[in-house]
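Listed below are the structures to be examined.
Two complexes follow with chain A in common, the first pairing it with chain B and the second with chain C.
Then we have the complex of A and B:
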């Protein structure tokens, strides 16, 4: 049952990502990116990381995608026309180098995955024998809360400061330039 | 049960799709989407391995940090894209080829 859900979610994720890659219309590919992110959130749930899945939906779908849509709508009609006039196929000659490089990289990565045999890694087997696996009953989220406030407190605070600095910097960069200081 | 190999294969394919988007697209915003796809593939790996670390939650907590970092990256990158568009009237990465005007 879980296996079937996994295959459905993986299919949704990969198919919508392929549509994003092949699409000519930028707005349509943005909305297919929504579907990819939701599929990924489903995969996180199947990996017993429900808190990460909810964060993914809140931050990515609620924050990043709306931000990208805003920037796209603000960048005007010309960019839109340029994209639609591009009229390139998935298999056109201009994309051949990118396709070749991606295919070779795919082969290499699959080789690495099959050679690595992640399920037989020593520390994974030790964790499995010590019952150090996330429980299915939903109490794993308590551990995350406690760990975030004790073991990972310093990275947590550092990353919050970094996020604030980045947002202030983004707001500063994207302000309207004054007339006298161009 | 779902094995780790399944998650790894999904994230490999996702990473390669993101790589293709970055290489082939002629629009800075689409390139940004490709970067997000690659980041998400990495986060999927973190989460998949994080299942085997119940005591410390290293994988999941680091995945949360990665999501926050992705948000910060996107905000700054979009601000830069807006500025580039204002100056060059295009967001094609191939046509932006001068550092000063």
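Then we have the complex of A and C:
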């Protein structure tokens, strides 16, 4: 059952991602991206990471995707048409750096998948033999909370400071200059 | 396999409920508005105009689905469906009574909060797909408003979660009545674990949650695009906002989504703040009113009453207050509600640590 769902979800994710990448209509691509994100959230659920799945929807669908759409709608149709008119052949010289990068990344991914042997990682086996594992009983979120506030407090705070900086920067950029400064 | 069958039945039942609620909601809204504005409302169709909604539905079902020539067909057709599904999925995690919850999700509240945000996407889709200035302006206003008001709503909800210590909506409900496993103190002073009733609701358990509830309620009005926050569909400037171009069944779906959203946010408010499916009647000595009126059927009755009460308040507010301007709307959200919500969250932490 789980496997069937996994393949369905994986198919949805990959197919919609392909449509996003290949689609000519940018706005439709964006809405398709929403399907991709949902497929990913489904995959997270199947991996028993329900919290990550819901966070994915909150952050990406509810936040980032809507903001991207917002930017799109503010930029107007003419700008969008210019962007979509730019696309040419798949194998043009302009695309060469991108192709190279994605190719290399693909090689790295394959290497990681085949070399790592995720089924028999030593630390996973040690943890399993020591019974140092978390049962799937819906307390995952409690563990996340406790760990964020104890073991991973420093990274958590550093990220929050980074976000704070971004906020302050955005507020500064969007502020109108005072009269005497102009 | 029978388990999956139950899921389908529950889903169909929820859909039926939402549809019936919308029918009664529309009728009630027309009668309430008429009462507030000193009119009669619908009177001709059936006794007291009771068949008006049915007539409207028949009219809508007959209408041709018109797709504007310049519209993006796929987006235009998909938008109302997505708007409705976003709201409908939210009902999955909401508890109706002790042991009665469609899906007992351990992060139910977070899930509902997440799934509601799909509605924004649907609205943007509708706005863009219609290819109409009014629609797109309405959609953008709506998205801006929903994103902004998610923040005070979120912090008001966090204030509750800090008191309840769980995201499971059924557990939050359980903690507010006689079935609670932990001790409940009215205003943090008086032990009412076995008295239950009104006294053990979250708003009375920790009085600052009353402020959080008001914040949540205001924000929920904005999230369901209801007056006084209905600038996305301000008819005097935007015709009808994001649903200008929709006709017939598509318009019916948008309408269904709006009314389901009203009920959904009211129900979340009831679950979080007003004792969920718990009875308002306390145990008084030998008269065990709370024990007698707690149960699955009573639960459905109570949560229905409370939610409908909140929906009634929403309607009352809609026909009483004038619409807010955009700058007033944003000022209210960012300068009043958000700091207040932060304050509530802070008090919640202190309350949990030292009072409870």
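Just so we're on the same page, the second predicted complex is superposed on the first by the 140 of 182 C-alpha atoms of A that agree within 3 Å, B and C clash if a C-alpha of one lies under 4 Å from a C-alpha of the other, contacts with A are read in each partner's own complex, and residues count from 1 in each chain.
Convention: contacts are C-beta pairs under 8 Å (C-beta built on N, C-alpha and C of every residue); 3 or more make two chains touch, one makes a residue touch a chain.
As the structure is a prediction and not an experimental result, all values here were calculated from the model.
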Partner chain(s) touched by A:102 [first = chain B, second = chain C, both, neither]: first
Contacts of A:2 with chain B and chain C, given as first, second, both or neither: first
First, second, both or neither for A:51, with chain B first and chain C second: both
First (chain B), second (chain C), both or neither touched by A:118: first
First (chain B), second (chain C), both or neither touched by A:10: first
Partner with the higher number of touched chain A residues, chain C or chain B: B
Common interface positions of chain A, toward chain B and toward chain C: 51, 55, 63, 67, 70, 74, 140
For the chain B and chain A complex, residues of the former touching the latter: 1-10, 12-21, 23-24, 26-27, 29-30, 32-33, 36-37, 40, 43-44, 47-57, 59-61, 63-65, 67-76, 78-83, 85-86, 89-92
Residue ranges of chain A touching chain C (in the complex, touch as defined): 25, 27-28, 31, 34, 50-51, 54-55, 57-58, 61-63, 65-67, 69-70, 73-74, 138-141
Contacting residues of chain A [partner chain B, same complex]: 2-3, 6, 10, 13-14, 17-18, 20-21, 26, 29-30, 33, 36-37, 40, 43-44, 46-49, 51-52, 55-56, 59-60, 63-64, 67-68, 70-72, 74-76, 78-79, 82-83, 86, 88, 95, 97-99, 101-103, 105-106, 109-110, 113-114, 116-119, 123-124, 127-128, 131-135, 140, 143-144, 147-148, 151-152, 155, 159, 162-163, 166-167, 169-171, 173-174, 177
Chain A partner contacts - residues on chain C that touch it in the complex: 72, 74-75, 78, 105-107, 110-111, 113-115, 117-118, 120-121, 124-125, 127-128, 136, 139-140, 143-144, 147, 150, 167-168
